[in-house]
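Here come two complexes built around chain A, the first alongside chain B, the second alongside chain C.
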Partner chain A sequence: MYSQGLIGADSRTEETDEFLAAFQARIDAEEKIEPTDAMPEGYRRTLIRQIGQHAHSEIVGMLPEGNWITRAPSLKRKLALLAKVQDEGGHGLYLYSAAETLGVTREQMTEELHSGKAKYSSIFNYPALSWADMGAIGWLVDGAAIMNQVALCRCSYGPYARAMIRVCAEESFHQRQGYEIMLTLCSGTKEQKEMAQDALNRFWWPALMMFGPHDGDSAHSEQSMKWKIKRFSNDALREKFINATVPQAEFLGLTVPDPDLKWNEEKGSYEHGDIDWDEFWRVVKGDGVMNRERVQMRKDAWENGAWVREAALAHAQKRTAKVAAE
Partner chain B sequence: MALYRALIELADDHLVLGHRLSEWCGHAPMLEEDLALSNFALDLIGTARSLYAYAAEVEGKGRSEDDLAYLRNEREYLNCLLVERPNGDFAHTMLREFYFAAFMEPFWQAALSSADPVIAGIAGKAVKEMAYHLRHAGEWIVRLGDGTEESAARMQAAVVDLHPYWEELFSGGDCDALPDRAAIQPAWEASVKVVFAEANLDWPEPVYGQNGGRDGMHSEVLGRMLSDMQYLQRALPGATW
Partner chain C sequence: MGDVTPLWEVFIRPRNGLAHKHVGSLHAADEALALSAARDVYTRREEGTSIWVVRSEAIAASDPARAGENFDPAEDKIYRHPTFYKIPDDVGHM
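So, the complex of A and B:
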């Protein structure tokens, strides 16, 4: 899972015009940039920030769904949910590795997450309150993530683009699995259908916010587009998501919680009501329902596990010393 | 019904332990272990499903795997007490896994030649998984036992805490289609001996062994686990999920 709304990236560079022009020529020729290639510092910094945010989103994203693993309502659902959350952990691992090729360590990135310096997708600061949220998260949140990530498969930075190919295949499976949970609930009892509608009501707007601010308000989009880190604008992807998702909601017999949503025949696209950007920024800045708990849970896991990591290191050193002595 | 009962004991062992391991997801000491512990849980719950499905068939009352998992209460659960022990720290979790895998790997090995083709089939898949659990958990016990001063103390504390519970692994399950549990003990002891020696761990003095799980006499922790696990099935009876 992932948010395209890159928060606070600094893409300033101080390289010579000649160097920047040569780099841009490579980008324009659709060449992939690889870890050992020369690259503008701004390009490197933007990618470290973006891939780091993406990795953190995967890891923090394990928590809302993790909240329901022990309460999944059947053995089949329990296995599928556990496997899904495990996939998210796997995505985090690829992404941290991709970021490491740019000269940052996983430990540094982890510290930045814990200190609040690094951000993650704000969608995960909303609570997962019912089983239907497992459906809504898969359907809407993974669905929104796929819109972003399919585009990232063609990102100019090679390791990131390649990591995205596998991630996309798995996310697409997650999206279908989420939708299938919704479908089962919507063809179930009255209580189950209400649960599904409630989940859609709560996750619809936060899912639209995942695409980030409107293009006119997105500070760093232009440079990222030029460097082909980003291929489509926030608004274009959001529109694509809405167009794909509204008919799916209709098929479920659910109501999208936007009274202003209407089909524009001329554009061949939906128009949506106003997004509450105050809420978006409030949650990004730390005042969502779950921000504090999410980060605290990550910190607890890290701190409670410190003795295990230290022991593994100490044991490995003992082994090496023993082999050297023999 | 000896076969049905033995299958339920085995299935409950796998589900309860798998459930415990799934509680780690997102909270492990490192990302690699988040993935590994989830894998363990997936293996165990997967095996539990096969065992429940077969138990339901043997019982012949039209119950499903989910009926057996979600609609029995704690007095009807027949798992051994070891697997319901709370996760504790990483040392406790790994030791519990190691004791279980050191039993199940040779158990499934023996079950490969069961005259019952369903059992032999389940064993064929499970034996490979258990060999991996045994190796992974065993390696962690060595790392922690022979790591830092703190990890060695925590590992030894886990050994003491779980000491009353390992013996029950060798009880229950008396039927022709499944291996004799008591006969697995020498193989289990051999695994423990090798790993403990490498991990510098001491085998504690004998204590009174806590049994009772096979008769549905559990500690208090199982009821709480089942309240979580069975919540939705109990809240909306008869719903399809």
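So, the complex of A and C:
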């Protein structure tokens, strides 16, 4: 998801200086780039990678929450969770369609997810252990996602920006329903509040990692900023998220699990402790708690659904042939 | 048709009185499945009262490389707009 979408992106490009300058002039003039417009190969490749990985994140992101639908504590919570998971599926589809306008096929993207060549947000490789995690995921994970996606609504590539506008409009309920779950738990019994604190403890740092590496270590950020594929740096968005979220945790009466977190009066912003980047890269590269299970579930869904796709196509072909014969 | 599930473009009429507007695309084996998927993907929040789906390959599009010669000639034809013509205020609204 989001800033992590650039991991593995290849922005090398071999066009003439004139072509690149003319393209950059369009970008600088805030013109949107549309699918049939001439664009540098590096721009195309970077977007295919980023939008594809963003789409995979939405689809894999259905798994941790989908797992809790049958165990939701009330009908209201079950309806909300079902609607949220269905939205994530929809968001994945908008994004796959946006990527396809750049000349990649759905089948290629699916294959790259299954083979591990394409990544998805590291956050979904952490397990959802208790009902409180549904609260923490909505509040923190969707909160971090919205921070990134609002910025992407102004991306220079038209179809991506349009998909983001739709996603953002739909996603604000996701964060609110999560925070409401946390509020309910925090005003409940001592055990319920402990569940909420435990969920915050486990999701806080992985949520900060969703914004991707520090600006100095983000290999593809500079070119992407120049092309206005991304418009804010990883660290700037992370800081914005922390500043918005810490008061929300205080309102819940919960403690953010960072002993080094402190308000910097001069900057008007929080300073946070060190992020464990070794853990981040381990999880991105496939060694998180849930990586294997998540990818296996996607593969199973693809393979077990193959007969449905084949039957639907065979039925359509048969009908076309019948109409042609009449 | 091949083994790849074909692509469709989806158009939604938000409410009666408005035209169908392009909202996105999706893959489906035939028109019935395309309509059903379009309903699920694009109208979860009362976005429409009617859906059209069209096979993407059935759409003919103008050549973006010729956008200049196609559309620029309209740029200097300001006499096609009402404000080009000077009518005294005394004539009243026209």
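In this text, the second predicted complex is superposed on the first by the 321 of 326 C-alpha atoms of A that agree within 3 Å, B and C clash if a C-alpha of one lies under 4 Å from a C-alpha of the other, contacts with A are read in each partner's own complex, and residues count from 1 in each chain.
FYI, a residue touches a chain if its C-beta (ideal position, glycine included) is under 8 Å from a C-beta of that chain, and two chains touch if they have at least 3 such contacts.
Bear in mind that the values here come from a model prediction, so they are computed numbers and not experimental data.
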{"item": "First, second, both or neither for A:189, with chain B first and chain C second", "value": "first"}
{"item": "Which of chain B and chain C A:297 touches, first, second, both or neither", "value": "first"}
{"item": "Chain B versus chain C as contact partner of A:36, first or second or both or neither", "value": "second"}
{"item": "Touching partner for A:93 - first (chain B), second (chain C), both, neither", "value": "both"}
{"item": "Which superposed partner A:73 touches (first chain B, second chain C, both, neither)", "value": "first"}
{"item": "First (chain B), second (chain C), both or neither touched by A:131", "value": "first"}
{"item": "Partner chain(s) touched by A:107 [first = chain B, second = chain C, both, neither]", "value": "second"}
{"item": "Most chain A residues touched (candidates chain B, chain C)", "value": "B"}
{"item": "First (chain B), second (chain C), both or neither touched by A:315", "value": "both"}
{"item": "Contacts of A:305 with chain B and chain C, given as first, second, both or neither", "value": "first"}
{"item": "Those residues of chain A which chain B touches in one complex and chain C touches in the other", "value": "83, 86, 90, 93, 309, 312, 315"}
{"item": "Chain C-touching residues of chain A, taken from the complex the two chains share", "value": "34, 36-37, 83, 86-87, 90, 93-94, 97, 100, 105-107, 163, 170, 309, 312-313, 315-317, 319-320"}
{"item": "Chain A - residues contacting chain B, complex", "value": "59, 62-63, 66, 69-79, 82-83, 85-86, 89-90, 92-93, 96, 131, 184, 188-189, 191-192, 297, 300-302, 304-312, 314-315, 318"}
{"item": "Touching residues on chain C, where the partner in the complex is chain A", "value": "1, 3-5, 7, 24-30, 33, 40-41, 44-45, 61, 64"}
{"item": "Interfacial residue positions of chain B with respect to chain A in the complex", "value": "15, 19, 22-23, 25-35, 38-39, 41-42, 45-46, 48-49, 52, 65-66, 69-70, 89-90, 142-144, 146-148, 150-151, 154, 225, 228-229, 231-233, 236, 239-241"}
